[in-house]
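Shared between the two complexes below is chain A, which pairs with chain B and chain C, respectively.
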Partner chain A sequence: MTMNLLADVVAPAPLVIDGLLVGALLFALGLVGILARRNLIVMFLCAELMLQGISVSLVSWSRHHGDWGGHVLVIFVLTVAACEAAIALVFVLQAFARTGRLDAAAWQSLRESNLPRTIDRELPSIDTVPPKFPKLAPAGVEPPADEDALLEREHV
Partner chain B sequence: MIASILPSISPGTLLAGGVTAAAASLWLLLPRGRSAAADRASRWLGGLVGLAALAAFIATGHRLGNLGTEAVFLTVALVAVISGAATVVSRSPVYAAIWFALALAGVAGVLLVLGGQFLGVATIVVYAGAILVMFLFVLMLAQPAGLAPYDRVSNEPLLAAVAGAVLLGVLSLSIGRLTAEPPACCLMPGTKAALLAGSTAAAETPGAATAGVDMLADNHVARLGGELFGRHLLAVEAAGVLLLVALIGSIAIVSRGAADAESVARRAAR
Partner chain C sequence: MNDLSPSTLLVLVPLLPLLGAILTVALGRVLGPRAHLPAIAGIAAAFVVAVTLLSGMAREVGAGGTGHDHAAKPVELVTTLWEWAGIGTAAAAGDAARSFSIPVALRLDPLTATLLVIITGVGLLVAIYSIGYMHDDPGYPRFFALVSAFVFSMSMLVAASNFLLVYVFWEAVGACSYLLIGFWFTKPEAAKAAKKAFLVNRIGDFGLAVATFLLWMTYGTLNFHDTTLADGTLVPGILGATRLADAHAYVGGAIGTAICLLFLLAACGKSAQLPLHVWLPDAMEGPTPASSLIHAATMVTAGIYLVARTAPLFEACPGALTLVSIVGATTALVAALIGTVQNDLKRVLAYSTISQLGYMFAALGTGTLLGFTAAIFHLVTHAFFKALLFMGAGSVMHAMGGVIDMRRFGGLRRVMPITAATFLVGALALAGVAPFAGFFSKDEILASLHARGWPDAHGEHHEAAPAGGHAAVAGTFHLVSVTPDAAQLAGGTRGSALDALNTPSTWRLLFWMSLATAALTAFYTFRAVFMTFTGPTRVPEEAGHHAHESPPSMTVPLVILAALSAVSGWWLFSTHALASFLAATPSFTAPAVASTATPPAFHWNLAIQGTLAAALGIVVAALGHLGRRSDGPQMERFLGPLETLFANRFFFDQIYSALIVKPLELVATLAALVDRRLIDGLVNAIAHVPVAVGSVVRHLQSGLVQRYALAGVIGTLLIVLALVARAMG
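After this line comes the complex of A and B, so read on.
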């Protein structure tokens, strides 16, 4: 019992502290992304980023305590992340089939009744100039047209 | 490192500055639906502020004793954090997924340095090899051509950055407290001398806290497997059942969704 108490209050090694800091940074980045972004898939990527931060913290604590529990927990995090990604991506596909976009705000009718509606303003256009590619001068003999290819349709 | 050169700046101030600069840089970098020129300018500014934040965080880091370990850890941690930030702020979801793959590589490196050899490799194989490819498949199925308007704006970028800064500040504050001496109120009087002896011993030999188990010895995977299939055998069984249920569930949702769409189309035709 005394040994356990001592192990808990001994200051962690510098590497453990730095690992915990990296884990905290990744978790906070993922939190900002999940709060701010509107694309459903990017939101899920940010959730996975938070899970990565958790994994780094768990392995750091595992090293500090000299215990395998953190490593085992990270393996289970991997498992649950795989299940979560499979089911969540199916839901995203269904949502896309219904609304035609990957926008979280397309589902804002599910919000609380006292919250204001998200209204998109007109965005300034991205005036991208299409790149100018050099044109090759046509040369040679035109090959005979394939009759089978003419009968095929690209889209039904 | 830099803190020893600039002794006038306390680590607490440095950390607070780093957290504030990180939040400001995220706010500048997040898409806010502005014109192309203003967007480019704010991204440049955000990148510079983000570099300052990273420098502050590096300065608060600790010396690891070994220059090689320090350089490797710094490299992989920077790769992980910078690519993570790029994942969050990328306009195009495809680029976000690619940046996330690079962040995974960095995280795997951090795990390797921290002594999780198996987990580092498993992260690459499972995440980058399987989960990320699944994300890319869905992106190709569902992404409209060009940049969608909802990818060019964010929900409350300022409030989100502030929330992230508050969380990061609280976390880094409590991490910083770990290095300090534990407060006297929380110690039993009898154990104080023993504790002091223990902490000096730990300071002399880094890693003395892990004296019970040397995690970096050989047979790493064998011992991890022994732990996994010994103490955690029931949890492994439960995880297997969970995977099976997730597989069946996702197939069921897809097929029911297709049936729903068919019935909707039939009703519309009638």
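After this line comes the complex of A and C, so read on.
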């Protein structure tokens, strides 16, 4: 029924339908990626994918109606997406610096305190010896260690 | 002080102790052991001002002179400071009397002037005495702040010219009394006694509040003095010159009787009369100077003041007036009987205070000028000798290391001669032995009762005395707008049920009760004297080895008061100074009171009867206690079952406990149960709802960002579906 509605509106313009299909495909791919993947960078890329799917739809409608509104909107979307990308990458970098992993599940310690940890699939443990970097001689008083932080930061 | 007007001086009397109290509170910690200075300076200055006022007023009364018919002219001085509350000043002119206006006004008249001198004078002596008595108490500044605040409140109470202000300071003295009884609040008995005093007094305060409402409904004003509205209308005050001049200005009948009985209830609470006397003996848990000042000399006389002040109102209701006497004489007798078997020196004095206050009420109830002046006369002399006795008891207590049980010490006249001598003077005055103060005032009281019991013996116009007001009914005064209901009530017969008591035989009975009380008074007073000061010298171990005479700051006030107790009665009686001075009090110039004036006389027959009664009491006390060990077998054993009755204070406390306290406690327990189980249960149940919801919803917060995203997607899908469904119709 939904398809009938769509066909009624855009029947004389197959190009629009193609564009919308591509857009929907991109959006769905991105959505599945966000929901299924745990790698933060991949998740971010998937979000961008969804954004671009929407952009394609907008451009298609714009072209179909013959006005520039959709194009203008897409330029804005691109601009905002660029800014957002910069911020999101900073977040990803910081998250990595904290946990030493790109795994979004590493952040589930933010869950409600008395819930059990959710483990769908353990990542293979990193058994390589962390590289030894030259260090300055320790000076001053060693700050008291936070046990939670130690748990999460063992590889950094 | 010639450059200060009397109005300013009148304001200064309460103001100076108030300043003293504030300074003591503010600087108490800084001053430390000198914290008494602001309070004593304030009270001393107030005393000087009060004496100045009294002498000024005495000159004015003397200049005014008494008319040819004995009726003194009313002398008053009203100072309005500011208007405290005012509603409806723009009311219609016809309803001018109904405009509600409460000015903060003070009125000086002979009664007020006399009481101000007593309050500040005894207050000053007690404060000086307290320097020695309280010297190492941790609450030293607090004590002086409270005493000073009390002097302020009491001065305002007797100087206020408005029933609402009277009520305010009636409460204020009650609060000071509460704080001073509970001064050692860590002691459970003291805290309990303070609570008891406060609660029992509430009953009386309730009476005063309702009486004030009724006064407003009946008279349309609460002021004592006449006031003039902005448009020139004269609003006659309840005790103002306009109304006093009118013989029919006071409402009798049911409304008038109700007002008077409520006043009597209030007076019973504050002045510890039957049946509300139970708080006063317990109030002895407070520091002795506080007992002396508040619970013997001044505050408890507030009830006397109230009845004396509202004398014209009472005159309109002879039944209520008779009831005042009945309550007073009964209290006097019952309290004296209880006092005979008490072993706690302060409690003997407490019951003696109740008994003497009963005497004053008995005199007030006679409704004659002689009765009113006798009551105030006795109030004055009683303030002197009772303050003296209490301070003597405090001196004993101080030396005995806090022990006050008379069975545990004896023969103290060798240890503390000044205290013993002054205490003896006080005891002689209390027992009514000539020529000490109590003799003359008690003689006047007996004379006033005798005159009502045997009107023929005193001749002239006593039978007309209360009848002057009896004719007065509601609505006769032109500015009084009584509601129709009130008028009907006032015209009813409920007031006359009490009037049936007003027969000479009642008064004869009251006279004999008073005479018996006089004998009992002499007995228990001298029983206390003999037990404490005679016999072999014994000192309780709490006193240690330093049982000694008290410091000069304590003995000097004792000596001053002893001198006053010795001579004031003779001086005031022989010169007739107090009686003629008080006769110029506006309340006593009402025709109903003033028409009962009698020429001053010394009643030989009554004096002999009174002296015989006192002598009998002293002799019996001497037979039982003079020179004996006070811990040995007592005379009480001859009383048989009566001793149980007296020692348990007529079971008043037990009866109240069974009739009032226990049922109330039951209700309170039930209420507490409902509160804890039902109301708290409901609140807790509601509090459990978020917890229960939270315990379910909590599982959604998994920390997994994918799940959150999924929730977002599902939510969006639902919204889209809902929109589509709506679009499809």
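As a convention for this text, the second predicted complex is superposed on the first by the 101 of 156 C-alpha atoms of A that agree within 3 Å, B and C clash if a C-alpha of one lies under 4 Å from a C-alpha of the other, contacts with A are read in each partner's own complex, and residues count from 1 in each chain.
Everything that follows uses one rule, which is that a contact is a pair of C-beta atoms (placed from the backbone, for glycine too) under 8 Å apart; a residue touches a chain by one contact, two chains touch by 3 or more.
The structure presented is a predicted model; accordingly, all values stated were derived computationally and were not measured.
Once the two complexes are overlaid on the shared chain, A:Pro131 sits clear of chain B and of chain C alike. Judged by the touch definition given at the top, the superposed model places A:Pro14 against chain B, while chain C stays out of reach. In the overlay built on the shared chain, the residue A:Leu35 is in contact with chain B and with chain C. In the superposition on chain A, contact of A:Ala105 is made with both chain B and chain C.
Counting the residues of chain A that each partner touches, chain B and chain C differ, and the larger count belongs to B. In the superposition on chain A, contact of A:Pro144 is made with neither chain B nor chain C. Note: residues 2, 31, 35-36, 38, 104-105, 118 of chain A belong to the chain B contact set and to the chain C contact set alike, using the contact criterion stated above.
Note for the complex: chain A touches chain B at residues 2, 5-7, 9-22, 24-33, 35-39, 41-42, 44-46, 48-49, 52, 55-56, 59-60, 62-68, 71-72, 74-76, 78-87, 89-94, 96-97, 101-105, 118, 120-121, 123-124, 126-128. By the touch rule above, chain A contacts chain C in their complex via residues 1-2, 31, 34-36, 38, 43, 104-105, 107-112, 115, 118. For chain C in complex with chain A, the touching residues are 698-699, 701-706, 709-710, 713, 724, 728.
Every residue of chain B that touches chain A in the complex is listed here, in rising order: 22, 26, 30, 33-36, 57, 60-65, 69, 73, 77, 80-81, 84-85, 87-90, 93, 96-97, 100, 103-104, 107, 110-111, 113-116, 118-119, 122-123, 126-127, 130-131, 134-135, 138-139, 141-144, 147-157, 159-161, 163-165, 167-168, 171-172, 175, 178-182, 187-188, 191, 194-195, 198-199, 202-203, 206-215, 223-224, 227-228, 231-232, 235, 239, 242-243, 245-247, 249-250, 253-254, 257, 261.
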